[in-house]
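Shared between the two complexes below is chain A, which pairs with chain B and chain C, respectively.
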Partner chain A sequence: MRCRVCRQPAVIDIRRHNANFCTEHFLKLCRDQVAKAIGEFDMIDPSDRVLVAVSGGKDSLALWDLLLDLGYQVDGLYLGLGIGDYSHASRDHARAFAQQRQAKLVEVDLPTDYGYDIPTGAKAARRVPCSACGLSKRHLFDRAALEGGYDVVATGHNLDDEAAVLFGNVLRWHTEYLGRQLPVLPAANGFPRKVKPLVRLGEREMAAYCVMRGIDYIVEECPMAVGNKHLGYKDALNAIEVTSPGSKHDFYFGFLSRAAERFRSQATAEQAELHPCPSCGAPTTADTCAFCRLVVRAGGQAPVPVQLSTGPR
Partner chain B sequence: MRCRVCRQPAVIDIRRHNANFCTEHFLKLCRDQVAKAIGEFDMIDPSDRVLVAVSGGKDSLALWDLLLDLGYQVDGLYLGLGIGDYSHASRDHARAFAQQRQAKLVEVDLPTDYGYDIPTGAKAARRVPCSACGLSKRHLFDRAALEGGYDVVATGHNLDDEAAVLFGNVLRWHTEYLGRQLPVLPAANGFPRKVKPLVRLGEREMAAYCVMRGIDYIVEECPMAVGNKHLGYKDALNAIEVTSPGSKHDFYFGFLSRAAERFRSQATAEQAELHPCPSCGAPTTADTCAFCRLVVRAGGQAPVPVQLSTGPR
Partner chain C sequence: MKVLLRNPRREIEVSGAMQVSTLLARLDINRESVLVIRDGTLVAGDGWLGEGDDVEIRPVISGGS
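After this line comes the complex of A and B, so read on.
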């Protein structure tokens, strides 16, 4: 097994590229794929201030590392979700990485700052934990970006994540979600721009990247996610990928190039209905936004309106 | 376990309906679901002459049985594909059923009538067997229907089949196929109308139907199909159905109601380009139709132009 580029002994094979790579050229491949995704979808301008959402897992730490190496101005944001030891361990990984790379880590703690945690919040709101968690994270990422004067929020969703989400949305033909499942969501209606620079890289590659770069990440899956549907969709796609390498890539990028546009009108119509939440100011189509309703049900502190950063942008 | 309808002991549970049924009410459910599909999609008029494509398997024999019971004028069509013992056995099942129900079975034999069989035809045309077979069947179903003066060709595709085909088309975003993956294709450009009355019933239900009705069908899968992608897609969807009963139904019917229309334009544009094949007269977008090219490559007899039935319709 030899590296496709230099013919030295290879350390990893990537079946969908039908190629093997040595450490040096694998790391280069990862950087090139991220640069290609950023360029292809116009994700980040060199002058942008980027906030990367960091969970302490392989994807978000690798993304932070890659964006720093590519020369972007990027800080990390860690959200404490109050999921017991898992949250403590993941925070420690995020802090250790920040210290090692001398990068800035912004921290928000759900129990301290908002008075609830994901396990009790989900129960109170009668949502599955992953739903309550996703909702909280989306709101707080936006808020932290706006308050910190960041232009872009970057998340570590990789190809496996995006293909699995797409599969879930297609299985139920959630046409409104299909219209906005894109690697870039432009800034609009009070939302910062959101980008997913890892869409050209798979889960296994991100783990290998961290190992080769000596990045110490939390290996365990979140304990609340065990048995969720998303993991079932990943399993189903993995089974197909084994027989037909490249299936996930073709599924996701084929969607972007040949199908996404067909679902756009609905998402655009929904966007036109957005107005500021009377409680926190975040854009919503409902009377009060879903986050504020969740916080109230969970018995937390009602969020105060977003304070836009007055500092230099 | 009791029947949802009569509370007598049940013999089958259908998880996606969250219900159990006795033999009598399960058979009624099957008839009702077929009648519902026929009505919902305007598949068959009582005055129509129907030709059901019969393979000797559970789906096509059950379909023939159900359509006869529902009072339609329906003959069977058996295509001998020259797949060794499998073809002989499946033909015997089709003949036995026809005799038992005193129904008319039209027979076409690929080796005798066209000078090739699927295994050698596929090799010669460098197609996977299922592709050469599907192509041959579609052509010869159309031809037999037109020559016999039938209004409709009915095939035994069940919910599992359609969901798996849809999954395959979505995985690769074959937008032109998505635009015509419908339970009814209207008669047009020399094609007879084509209908799939079993789309509301699953594979397991069709097997149970045959057992309860004493229909003796060929149980083996076609030996040429072993390991094909379609079976992989079925496995993937089955794994999801176990966790979320009703997923396949929602996937297929959600597509029909909320997505199919978005892919229609491409299929319509393709239809506008159809013209008669100079060799056999069947509609095609190419110079010579794919079937005639396959026959020539396989060294068979070039098909003669279709002779439209002059008998009463």
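After this line comes the complex of A and C, so read on.
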């Protein structure tokens, strides 16, 4: 295999591009694709202060690295989830990257700052762990961005993530979710602007980017995510991708260009019902926001070990 | 060659030199879901792996959404 650009030996093939790349030109491709996504969807202005949600995994660390290299003003936010050794290791990877790049890492710790961890919160709220985790992350990323004076929250959702979420939403026709599954959600109604600059890159590419850049990320999967629906959707899409390269890209970008607008009214209707949570001030359609309800339910509960919370979902 | 697999972490022995694509097919692993790494460097699908190599097959699929 030869690099499409320079004809030197290639180290990675990207079948949906029908192309191979050497290290130098693969890294350039990643930067170009992120710059293209940011420009195409008007994600970030050069004057913006950006807060990257950092998990210690490949996507968020690669995103932080790419945005720094593209010249944006970017700080990281790490949220400690209290998932045993996995959380400790994740935090260490995030801290090491911040130190290596001399970048600012803001840290919030669920057990210390809010009195619960994900295993305990999930059981108390009768949610699956990934649901309690996602709820906590969305709320606290928004809060940290608003309180810290950031213009935009950037997350490491890549093409595979978006295609898998789209697949799940279409399977069950969650039309209100389809209406807001966009690479940019503008600031509105108490929410900060949220952007996904990695939507043009697959997760195999993000892992390769980290290996080539020497970024030490946590390779192990979250013990609470094992067997979740999202992973099943990814497996199904990858089985299709093997025989039909480019399917994930066409599925997601076809949705954005030809279908997303049709569901916009569903999301807009929900937005109209938002009002500030009386407890924390965050926008909600309920009497009290889901995060505050989670904190109340989880408070004072006996800690749930990580291994007892895993299982089919 | 020694092959490191993840999730769960384990090591297996595979005999004979072969191309990356052959190794993945033999282990029934979807090439879209992994990277193959030798000495900290990626090895492309048509790259050859030697009998004495230490190889990592690293999954790239994350479960969060």
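Quick note on the criterion: the second predicted complex is superposed on the first by the 299 of 313 C-alpha atoms of A that agree within 3 Å, B and C clash if a C-alpha of one lies under 4 Å from a C-alpha of the other, contacts with A are read in each partner's own complex, and residues count from 1 in each chain.
One rule holds in what follows: a residue touches a chain if its C-beta (ideal position, glycine included) is under 8 Å from a C-beta of that chain, and two chains touch if they have at least 3 such contacts.
Keep in mind the model is a prediction, meaning the values are calculated, not measured.
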| item | value |
| --- | --- |
| Partner chain in contact with A:S47 - chain B first, chain C second, else both or neither | neither |
| Which of chain B and chain C A:V170 touches, first, second, both or neither | first |
| Broader residue contact with chain A after superposition on the shared chain, chain B or chain C | C |
| First (chain B), second (chain C), both or neither touched by A:A239 | both |
| Partner chain(s) touched by A:S55 [first = chain B, second = chain C, both, neither] | second |
| Contacts of A:F263 with chain B and chain C, given as first, second, both or neither | first |
| Partner chain(s) touched by A:G254 [first = chain B, second = chain C, both, neither] | first |
| Touching partner for A:Q102 - first (chain B), second (chain C), both, neither | neither |
| Touched partner set for A:L231, first chain B, second chain C, both or neither | second |
| Chain B and chain C contact sites that coincide on chain A, given as residue numbers | 235, 239 |
| Chain B to chain A touching residues, read off their complex | 170-173, 175, 229, 232-233, 235-237, 239-240, 243-244, 247, 250-251, 254-255, 257-259, 262-263 |
| Residues of chain C that touch chain A when the two form their complex | 6-7, 9, 30-35, 37, 40-47, 58-65 |
| Chain A - residues contacting chain C, complex | 1, 9-13, 20, 55, 57-59, 130, 133-134, 157, 160-161, 164-165, 203-204, 206-208, 211-212, 219-222, 225-226, 228, 230-231, 234-235, 238-239, 241-242 |
